[in-house]
Amino acid sequence: MIIILKSGATDEQVDHVVEKVESLGLNAHLSRGTHRTIIGVIGDESQFQPEQFQVLPGVSEVIRVLPAYKLASLDAHPEPSVVPVRKVKVGGGHLAMIAGPCAIENAERLDTIAKAVKAAGANILRGGAFKPRTSPYAYQGMGEEGLKILREVGDKYDMPVVTEVMDPRRVELVDKYTDMIQIGARNMQNFTLLTEVGQTKKPVLLKRGMSATVVDLLMSAEYILSQGNPHVVLCERGIKSFDTSTRNLFDVAAVPACKALSHLPIIVDPSHATGRPDLIPPCAMAGVAAGADGVHIEVHNCPEEAMSDGPQALLPDQYTKIAGQLRQLAELMGKSFG
Amino acid sequence: MIIILKSGATDEQVDHVVEKVESLGLNAHLSRGTHRTIIGVIGDESQFQPEQFQVLPGVSEVIRVLPAYKLASLDAHPEPSVVPVRKVKVGGGHLAMIAGPCAIENAERLDTIAKAVKAAGANILRGGAFKPRTSPYAYQGMGEEGLKILREVGDKYDMPVVTEVMDPRRVELVDKYTDMIQIGARNMQNFTLLTEVGQTKKPVLLKRGMSATVVDLLMSAEYILSQGNPHVVLCERGIKSFDTSTRNLFDVAAVPACKALSHLPIIVDPSHATGRPDLIPPCAMAGVAAGADGVHIEVHNCPEEAMSDGPQALLPDQYTKIAGQLRQLAELMGKSFG
Amino acid sequence: MIIILKSGATDEQVDHVVEKVESLGLNAHLSRGTHRTIIGVIGDESQFQPEQFQVLPGVSEVIRVLPAYKLASLDAHPEPSVVPVRKVKVGGGHLAMIAGPCAIENAERLDTIAKAVKAAGANILRGGAFKPRTSPYAYQGMGEEGLKILREVGDKYDMPVVTEVMDPRRVELVDKYTDMIQIGARNMQNFTLLTEVGQTKKPVLLKRGMSATVVDLLMSAEYILSQGNPHVVLCERGIKSFDTSTRNLFDVAAVPACKALSHLPIIVDPSHATGRPDLIPPCAMAGVAAGADGVHIEVHNCPEEAMSDGPQALLPDQYTKIAGQLRQLAELMGKSFG
Amino acid sequence: MIIILKSGATDEQVDHVVEKVESLGLNAHLSRGTHRTIIGVIGDESQFQPEQFQVLPGVSEVIRVLPAYKLASLDAHPEPSVVPVRKVKVGGGHLAMIAGPCAIENAERLDTIAKAVKAAGANILRGGAFKPRTSPYAYQGMGEEGLKILREVGDKYDMPVVTEVMDPRRVELVDKYTDMIQIGARNMQNFTLLTEVGQTKKPVLLKRGMSATVVDLLMSAEYILSQGNPHVVLCERGIKSFDTSTRNLFDVAAVPACKALSHLPIIVDPSHATGRPDLIPPCAMAGVAAGADGVHIEVHNCPEEAMSDGPQALLPDQYTKIAGQLRQLAELMGKSFG
């Protein structure tokens, strides 16, 4: 961390800052310029906050040099991590092809969709049993009954399954039925929930919040990692923007930006990022071309009857087509799936 | 709701949309123009989602005419609500002056701060016992011990108290010790938590999420109201923006914009909105001038030793000064506090 | 400026950076920590760009310590500037009350509006003769004919006048007819135009661009000041945001944020900031409460016949009412107008 | 256009809206529901503005059904346009590979860079002679001397050339020397300049403004098209966002979003979109994978000596590598360049 003093900072103020630094078990390296004094702070930056120095009299600015996350950083793990979701690997050349309906609605429908996406190349089945809906009056999901269906259909088609958990009291239940636990965008900074899933041994699919920076996303991953669970897969799914022509703003540059900072795999979710079926295929392609470790797409065989997010789902045929194109692109990128 | 059909929509498609509308117990009012067919949907708009029609073949656009929230709307309650926090009223000419430290650190310090803000005119005491921190390595709060201190100090100075809850499993505990329960910005769409506090009888201070629209905020209020708890106070505390000169973007227009849609009181939090002590007083003034029903300000007598957010706290003297100015402004606005 | 080297930077790279710094006539102050080397650059920061050092091998980050603007800064002029618009003063306790129609439509209508706003307390008359319209098919303004009308009506009511210029070839013409020249939000970074108005002696009303930071705004002011024209009044008029409930996001904190960095007066324009007549009065109040040096409001006596932006104009009666409230608030703030 | 009346709108108000619609030579199609009256407006929507109806008493909302642009729309030209830049085609399967330095600095350097990018596959040479700099103290470009160098080097390597114009008074000059005229992001809504380049016959490279929606971009294209110049190439180059990890936010979904609305070719500029050399290759790949008709990349053989934007330029070797990868990806997409 670098502490820049104000131009008129007194010797007393400078001394006070140095004392504070040293009282935290850190080393202060003082540099007096003609206009400004600068103090370099040497030590583990993840263990203290810039605000602790920002507040001191005479301090103008405090700048982090090292990241506030540690376990998520390339320093901790210089090689890209490969996260195992049962026998499917995510990262390091292996693409996660996650597909399935927004919400699990009944066994028959999930079976039909799973069969189709499996045939197209999907290797992880998704489906929501607990749905985060902005309206209290909207469909909230099947709950445990949905989890059972997901488990059965996943087993039938030999696909690991992923589903979202919203309530820390249900992490144990969700853990019991699934192979990967999803934290949704709205809960990316639900620190209670992050801590809870960090205490399971299941891989976590961590979706980026709509107003989260890349660093915020890594800090949330750090919460999970710091509890002892090393299996986190990040997911870019669109952030807030002023242009309403898409539901969110698909930040494809976040893929290489995360990889420049962290060893964790990162996938893209063009369904939620755009909210428009016509934009899902080109954005899926863009994500993989930018280096993503997988693609999450919602698929429904009868969008009209979907209980949630029907308009943004691809039909099975559309999924088959884009999966084929992604397979060719993956090959060009030296990657593969299935 | 208005459903606009695509220019080439077939009669069959139009009929299908009408059937769908009617199958939901709603009335369809058909209007065939030379270029476009439009279907007006008559019924309770809070009970269904635009996506249910958006997905139908031949549909171009679906537009809500009535809001998706109901209990939070002016239709449900045309007069401004007044929320009682013990004997302090919030709304309808009564300003909530909420003040206190970011985190409760010990009894003595909270006592000192409470005494000062009470003398300056604050009428509700705040203090965090459970802190949502972006880093898992940062101070997380005193927990129940902090709640006890908050209760005792509040009682000593005859001030109702408010504190944040993050975990649905602790709502009961927090409910036991406090007079008002805060939902933080990061949990504004934690629907599990909203449902839980909706089942208490305590007033809820609902902070706007950093990427939430005014309508999103009202939808989250609706979650609480729909559980039977009518006592919600909204809080504008800054949203995400591209300009980093302030920590967040203080959206003062959200105050009258909410009042144009809802009967719920809305206060402002210039501490979190700006993150800069020099901007807190002018933004507090701006909030009240725009019609806010209260002001939430963090105050600390020794920011340097604060465990959290020290740099954005006002000193007791600074609080006394701005409280005096706010009192004069309130009078000009025909309002009062304390 | 502070240059932070990468952790593995070689001695050769460090030397190279120092040479570069010195070759620009600046002094380098070297500070070698155990993990990082930091170089303080001493000299006039407005004369070089961070990118000149960012590009050097071994450099991790370059941080400005002093602002990139100079004449606009408080260092250059520690007291608030007062800008004279003929006999109306703006800044330093004097509020600019700028009012008038979006577009000048004919002499009679402008006369009617001017008479009303003058009576209400407005002290500067506005009206557009050249209109920046997003559609090439929309009304583009009366041109020189409009300027003549504006001049005549301003003289009749003894009000200085302000109008927008969009084309550098018309600066001379606009300068001839008006007392203050407006640069619109869309042209805030039209450097050709800024340079041109900087070469006149007329006060300039510089509107903040929709994606401009506070610092960007001050850099654009610097363009004008650097040409020898010291009379710049800044204007906050809303920036882009994800919430479409208002046309733009009124950034009221920009008022004190600018004052913390610059001596230039800053006014607010709640008409463009919100685009909603019902929000104009509360946001005008908020602006003055936050310390603004004036308020710009569009007024039209027959919005229905307005050639441009009718829906966001106040009626003369509405203007009279809010002007009265602003007068009381100004008094509370120790300021006055008219 | 659809006009939705307020729930309490009187018959008189409805009649008044209908009269207004008809007075503009349009047809009104009235639909009275039990709760709301809706008026469909039939006619050429590009010729009037929603605000003209929004302002009428009793009107709640006005919604465009047809776009406000006309010549840029797929209705006007259902097939993708191919824009000829001398003998290089842009669009319809032909990728523009635009490369060169940010600023033209001298003939020798431009020659070196041009030779390298030509060999790598670039087919249009770029270089700035007039530079839009946020600081008045920064390097502003070589002016006409730079244009001459650009022309000579372009001719030597048989590459058409493109350069930015900022001043309407210099459009004629720039037209004389170049094959394609660039409108920079900061001037996307400089309507004076758009009109001026619309009166040349040169292809225009129109960059998206930092706060412009996709529709805003098409409206600016419409300005050029409406002057009689049909040759517009759009360019996505990043928009404003809250995440500062990249310079701007690369909106790759804008590529297919534009293609869903317009026949105009659209290319991507990952140099300006990200401002980070390490992110340029993955974002270039993403752009082409999403369907872009070309890639604009800044290349410099000695970034350290660049007069502008050195840190975001690729080295010639880096350009050669990414151009090779883009060639393979283009082939996969059924496209080609050079």
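Order of writing sets the chain letters: A, B, C and D. Residues in each chain are counted from 1.
As a working rule, a contact is a pair of C-beta atoms (placed from the backbone, for glycine too) under 8 Å apart; a residue touches a chain by one contact, two chains touch by 3 or more.
Values in this document were obtained by computation on a predicted structure and should not be read as measured data.
Student: Select the interface copy of A-C from among B-D, C-D or B-C: the correct pair shares over half of its contact pairs, counted by residue number.
Tutor: It is B-D that reproduces the contact pattern of A-C.
Student: Would you mind telling me which chain pair, A-D or B-D, is linked by more contacting C-beta pairs?
Tutor: A-D
Student: Using mean Cα positions as chain centres, tell me which chain lies farthest from chain A.
Tutor: Here the answer is chain C, farthest from chain A.
Student: Determine the centre-to-centre distance between chain A and chain D, using the mean Cα coordinates as centres, and give it in whole Å.
Tutor: Using C-alpha averages as centres, the distance is 32 Å.
Student: What whole-number Å value describes the gap between the mean CA coordinates of chain A and chain B?
Tutor: Taking the mean C-alpha position of each chain, the two centres sit 26 Å apart.
Student: Centroid from C-alpha atoms only, then distance chain B to chain D, rounded to Å. What do you get?
Tutor: Measuring from centre to centre gives 39 Å for this pair.
Student: Can you list the chain D residues in contact with two or more other chains?
Tutor: Answer for chain D, listing residues that touch two or more other chains: 211, 239-242, 244.
Student: Can you tell me which positions in chain C touch chain B when the two form their complex?
Tutor: Those in contact with chain B are residues 211, 213-215, 239-246, 249-257, 260, 273-274, 278-279, 282-283, 285-291, 328-329, 332.
Student: In the complex formed with chain B, which residues of chain A make contact?
Tutor: Per the touch definition, chain A meets chain B at residues 20, 46-47, 49, 51-52, 54-57, 68-70, 132-138, 166-169, 186-187, 189-192, 195, 209-211, 216, 219-220, 222-223, 226-227, 239-240, 303-304, 306, 308-311.
Student: Give the list of chain A residues in touch with chain C in this complex.
Tutor: So the residues of chain A touching chain C come out as 2, 4, 27, 29, 31, 33-36, 38, 40, 42, 60-61, 63, 65, 240-242, 244.
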